[in-house]
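In what follows, structures are represented as C-alpha cells.
There are two complexes below, and they share chain A, which is joined by chain B in the first and by chain C in the second.
On to the complex of A and B.
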C-alpha cells in the first residue's frame, strides 16, 4: 500500500518540480518559447544526472552488500575528473572536447579497476571495492597534480568537481547529450533486468551460486554498466555528491528491499531530489547573486531527510 | 571527491589571484577595501631611508609595473607566471605566486618582497614572520586604484618622479580614447562555468571609461558565476569574450540566446587583448584602446 502511494508521490513530485523548473528562472515566471528552450535542456540533464546516480548507487549497494557504497567508489568519476582536468590543461575545451575527455578518463579508470580487480581470472566483489578505492585515490592525486600545473584553470576544475547542471547548451552539445542519454537509458534498463540476481544476492550470499546466480558475471556486468553510466553523468554534470549514496536508502525504506522496485524508484527519487536542489540553487542565486555548488545543496537538502528516515527505521 | 569542499575553499583563495596569466581565472574573494582611491594604496608602506636594491615580485602585474618604471635591474626574482615583458624570462623564478620556495627566496637575499592582498595576505604574514621585508598592495577596484598602485609602487622603489610620469602618460592615453556611444556589455571570462565580471572588479570601471557599461555591474563580486538566462534577461548590446581560444561562433549558437541584441546584431568579439586587460598594470590602457577600436570599428 505504502509503495503504491510512494510511486504516485514520486511521479507527481517529479512532474510538479519539472513544471516549476521550466516556468521559473531569472526571466521570471514565463512560458516564452525561447526561454523554455534554454531551460528544457538543463532540466533534462538534471533529471538524467540525479536519476542515473541514484540508480547506480542502488545497484552497487545491492551488489556489494555495503550501505556506504556510492557510485564514485568504483573509480570512474575520478577518472572522468582526470580527463576534464587534462582537457582544461590542454585547452581542449570545445563543445565535444570536454565530455569526450571526461568519458575517456572514466573508461580508462574502468579498464584499470577491471584489470586490478581480476585475480586469477576471477572477479570478486571485495577486490572490486579495493581496486575501485585505489584507482579513485590515484585519480584524485592526478587531478591535484594537474591542478597545480594549471592554476589558471583551477577554479574551473574545482567547479567541475562540485557538480553543476547549469550548462550552456549549443545544438551540437545537445545532440551529443541526447545521444549519450539514450544509450545510458539502455544501459540502465540492462541494469534493471538484473533485479532478480541482485535480490538473491541481497538475501542469501552463500546460497546465491547454488540458486543459479553467476556472481562473477553479475559483478562484472553491474560494474561495467555502472562505470559507464557514471562516466556519462560526470562528463556532462560533474561529480554531484550525495545523491547516489543516500537516495537508495530512502527508497528502500519506503519501497522495501526488492530491486525491481528499488532501482526505478531510486531513479525517480534521485531525479526529484536533484531537480529540487537545482531549483533551490537557482532561487538562491536570483535572490543573492551568489552561485552555490550543486553538491552543497543536495547534501543540505538530503541529510535531514536521510537522518529522519534512519532514526524512524532504527526506533 | 570527498575533499571537494576543502578543495573548493582552496581554489577560491588560489583563483582569487590576479597575477596568473589570467586566462580563465575568476576571482571571487571579497575585497577588504572599499572602492576608495585613497585606501587603494600600499597598506604597509615601506619605511627605510635606503631604496630597496634587491626586490622580488610575487605578482605579475607588479613585475610589469617595475619594468615600466625602468628599475628592472633591481628585480632579482619573479614568479613563474611573470611573462611580460619578454625579457623577464631571464630573471630568476622563485616559484608560483602562492607557494614560492622559501629557500630560493632566502638565497636571493632580497631587501623587499612585493605582494598583493587579499590573495597573498597569509603569505605576506608568513614571510614577514620569517624576517623578510614585504610591501603589500591591495587589489585595485577601479582605474584610479590601478593608477594609485603604480604610484605607490614607484614611491616604494624610490622612483616617485618616474611613477608620476608613467601615471600621467597613461592618463593622457586614456583621455585620448574618445568615449563613444554607451553600449550595454556582457563580459565573459570563462565559458564553463559561465563567469562574468562584477562591480567588484576594476574592469567594470575601466570599460565604463570607454563607454562599455557592464550589465553585471550591480553584482558586488569581482568575478561571479552567472546563469546563462540572466544574460538573456539583461540583453546586452555587445559581448566581449575575454579568454584565450574564445570562439564567437560557439556563443552565437547557444540555445535561447538568439534574441540577445549582441547576437542578432553580430556584435560578439573574441580576439581581444586578454592579457593586457586582465592584468591591472601599465598595459591596461593599451588593452582598452585596442578593445575600443575593435568594438567601435564594428559599430
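On to the complex of A and C.
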C-alpha cells in the first residue's frame, strides 16, 4: 500500500516539477516551443543525472553492503575530474571535447581500480572499496596539480567539480548526450536485471554463492556498469554530491529493501530531487544573479538526511 | 514440498573403526561408484599458513545422512565448504553426481546442493518470507519475479519448522535462533538433493533443535542427502547413518555411529574420557562427560 502510494507520488512529483522547470523563467511561467527547445535539454540532463546517480548509489550500497557508500567511492568521478582539468589545461574545450576527456578520465580510473582491486584473480568487496578510495585520492591530488598549473581556469574546474546541468547544448552535443543517455539507460536496465542477486548479497557471501549467485561475476558487472554510468553523468553534469548516498535510504524507507523496487524508485526519486534542486538554483540565480553549483543544494539537503540516518542506525 | 522417489539408503554394511594410525580406511568407496553423491579424490587444501587437507579421499553416497564431527580446528567446516564449492581445493578434485564439482554453473549447483552456514547476517532488513523466497533464485531467470508457487513453497517450509508466525517479521528483528530456522527454511525451498549444514543447532533451544533434527530425518527419508557438521556427538549419533571423524585435517574415523561412539575413540581424538550409555528410546549409544 505504502509502496503503491510511493510510486504515484514520485511520478506525479517528477511530472509536476518537470512542467515547472520547463515553464519557469525570468518572464514568469510561460511555455512556447522556443522556450521548450532551450529548457528541455537541461531538464532531460537533470533527470538523467539525478536518476542515474541515485540508481548507481542503490546498486553499489547493495553490492558493497555498506549504507555509507556513494557512487564516487569507486573512483570514476575523480578520474573524470582529472579529465576535465586536463582538457582545460590543454585548451581542448570544444562542445564534445570536455565530456570526452571526462569520460576518458573516468574509464582510466575504472581500469586502475579494477586492476588494483583484483588479487589472485578475485575481486572482493573490501578490495574494491580500498582501491576506489586510493584512486580517488590520487585523482584529487592530480586535479590539484592541474588546477595550480592552469590558474586562469581555476573557477571553471571548481564549478565543474561541484556539478551543474546548465550546459549549452549544440546540436552535436545534444546527439552525443542522447546517444550516451540511451546506452546508459540500457546499462541501468542491466543493473536492474540483477535485482534478486543484489537482494541475496545482503547475506553472507558464502550463503549467497550457495544460493546460486556468482558473486565474482556480479561484483565485476555492477562495478564496471556503475563506473561507466557515473563517468557519463560526470562528463555532462560534473560531480553532484549526496544524491547517490541519500536517495536510496529514503527509497528503502518507503519501498522496503528489495532491489526490484529500490533501483527504479531511486532513479525516480533522484530525478525528482535534482530537478527540484536545479529549480532552486535557477530561482536563486534570477533573484541574485549568482549561479551556484548543484552540489550546494544537494549537500544542504543531504547532510541533515545523512545525519538522521546515522542517528537512526546508532539508536 | 514432497519427493516421489524415496532414495533413503541406510547402510547395511558395518564399518570398520580405524585408529589414528590406520587412515587407509579413507580409500573406501573411492571413485567410479556411480551411485555416489560426492567422491572426494586426493583433495588438498591449505589456508595461508596452514595445510589442512592433504590427499583426502572419501565418498558420500546419495541420500546418505552423514555427520561430520571432530575437535575444534579439525577441518569440519572447511570440508563442507569444499563440498559446497565455496572454497577451491589446491589439488585433487570433488566429483558430484559423476561430474566434477567445478563443471557445474553456480545456479545448477544451487539446485542440487544447499548450504546452511554456522551463522548468518543480513545487511538489509528483508522479511522472513522474503528471505526464504530467495531459496528459489536458482530456478528463476534474471528478470523473472517470484511465482505464487514459490510463495506456497516458502510458506510450507515455514510451516514445517513451525515459524509461520514470523513470516512478515524483519529478519533482523527476530532472535538468532529464529533467524537460523529461516535460513534452514530457505535451504529447503532450494529443493536440493543434498543439504550441507554447518553446526545448525548452535543457537537453537531444545524445542527447535528437536524440530530441525526431526525435519532433517524426514527430508532424508524423502531422499535428500544430509551432511551435518555437529559438535554434539550424541545428537549426531541419534540421527546419522554414518559418522566422519576429522582431526587436524585428517579423516581419522569413518563408520556407523554405533561403532564410533565409544569412550576409547572419543578419548583418542577429543582428549576426554566419557562415560558410555544408551539412549533410552532408540537404544543408540550415547556418551556423558564425567564432571565432578
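Operating definition for what follows: the second predicted complex is superposed on the first by the 296 of 315 C-alpha atoms of A that agree within 3 Å, B and C clash if a C-alpha of one lies under 4 Å from a C-alpha of the other, contacts with A are read in each partner's own complex, and residues count from 1 in each chain.
Here is the rule we use: contacts are C-beta pairs under 8 Å (C-beta built on N, C-alpha and C of every residue); 3 or more make two chains touch, one makes a residue touch a chain.
Fair warning: this is a prediction, and the values are worked out from it, not measured in the lab.
Participant: Once chain A from each complex is brought into register, does chain C clash with chain B or fit beside it?
Facilitator: Result for chain B and chain C: fit.
Participant: Which angle, to the nearest 10 degrees, do you get at the Cα centre of chain A between the Cα centres of chain B and chain C?
Facilitator: 150
Participant: May I ask you to decide whether A:212 touches chain B, chain C, both, or neither, giving the answer as first, second, both or neither?
Facilitator: second
Participant: In the superposed arrangement, does A:156 touch chain B (first), chain C (second), both or neither?
Facilitator: After superposing on A, A:156 lies in contact with chain B but is clear of chain C.
Participant: After superposition on the shared chain, which partner residues are touched by A:287: those of chain B (first), chain C (second), both, or neither?
Facilitator: After superposing on A, A:287 lies clear of both chain B and chain C.
Participant: Looking at A:167 after the superposition, I want to know if it touches chain B, chain C, both of them or none. Which is it: first, second, both, neither?
Facilitator: Once the two structures are laid over each other on A, A:167 reaches chain B alone.
Participant: A:204 contacts which: chain B (first), chain C (second), both, neither?
Facilitator: In the superposition, A:204 contacts chain C only.
Participant: Please tell me which partner, chain B or chain C, touches more residues of chain A.
Facilitator: Answer, by number of touched residues of chain A: B.
Participant: Taking the superposition on A as described, I'd like to know which of chain B and chain C A:65 touches: first, second, both or neither.
Facilitator: Once the two structures are laid over each other on A, A:65 reaches chain C alone.
Participant: Looking at A:182 after the superposition, I want to know if it touches chain B, chain C, both of them or none. Which is it: first, second, both, neither?
Facilitator: Neither partner.
Participant: Touching A:34, do we find chain B (first), chain C (second), both, or neither?
Facilitator: first
Participant: Closest Cα approach between chain B and chain C after superposing, in Å?
Facilitator: It is 26 Å, taken between the nearest C-alpha atoms.
Participant: Which stretch or stretches of chain C touch chain A in the complex?
Facilitator: The touching residues are 81, 84-86, 105-107, 109-111, 113-115, 117, 119-126, 130-131, 134-135, 137-138, 140, 142-143, 145, 183, 186, 190.
Participant: Could you pull out which chain B residues touch chain A in their complex?
Facilitator: 1, 3-5, 7-8, 10-12, 14-15, 20-26, 28, 81, 96, 98, 190-195, 218-221, 224-230, 232-233, 244-245, 247, 250, 253-259
Participant: Sort out for me which residues of chain A touch chain B in the complex.
Facilitator: Contacts found on chain A: 25-27, 34-35, 37-39, 41, 72, 77-78, 81, 91, 93-95, 98, 136, 140, 147, 151-159, 161-162, 164, 166-172, 174, 239, 241, 282, 285-286, 289-291, 293, 295-296.
Participant: Taking the complex as given, what residues does chain A use to touch chain C?
Facilitator: 62, 65, 67, 192-194, 196-197, 199-200, 202-204, 206-207, 209-214, 252, 256-258, 260
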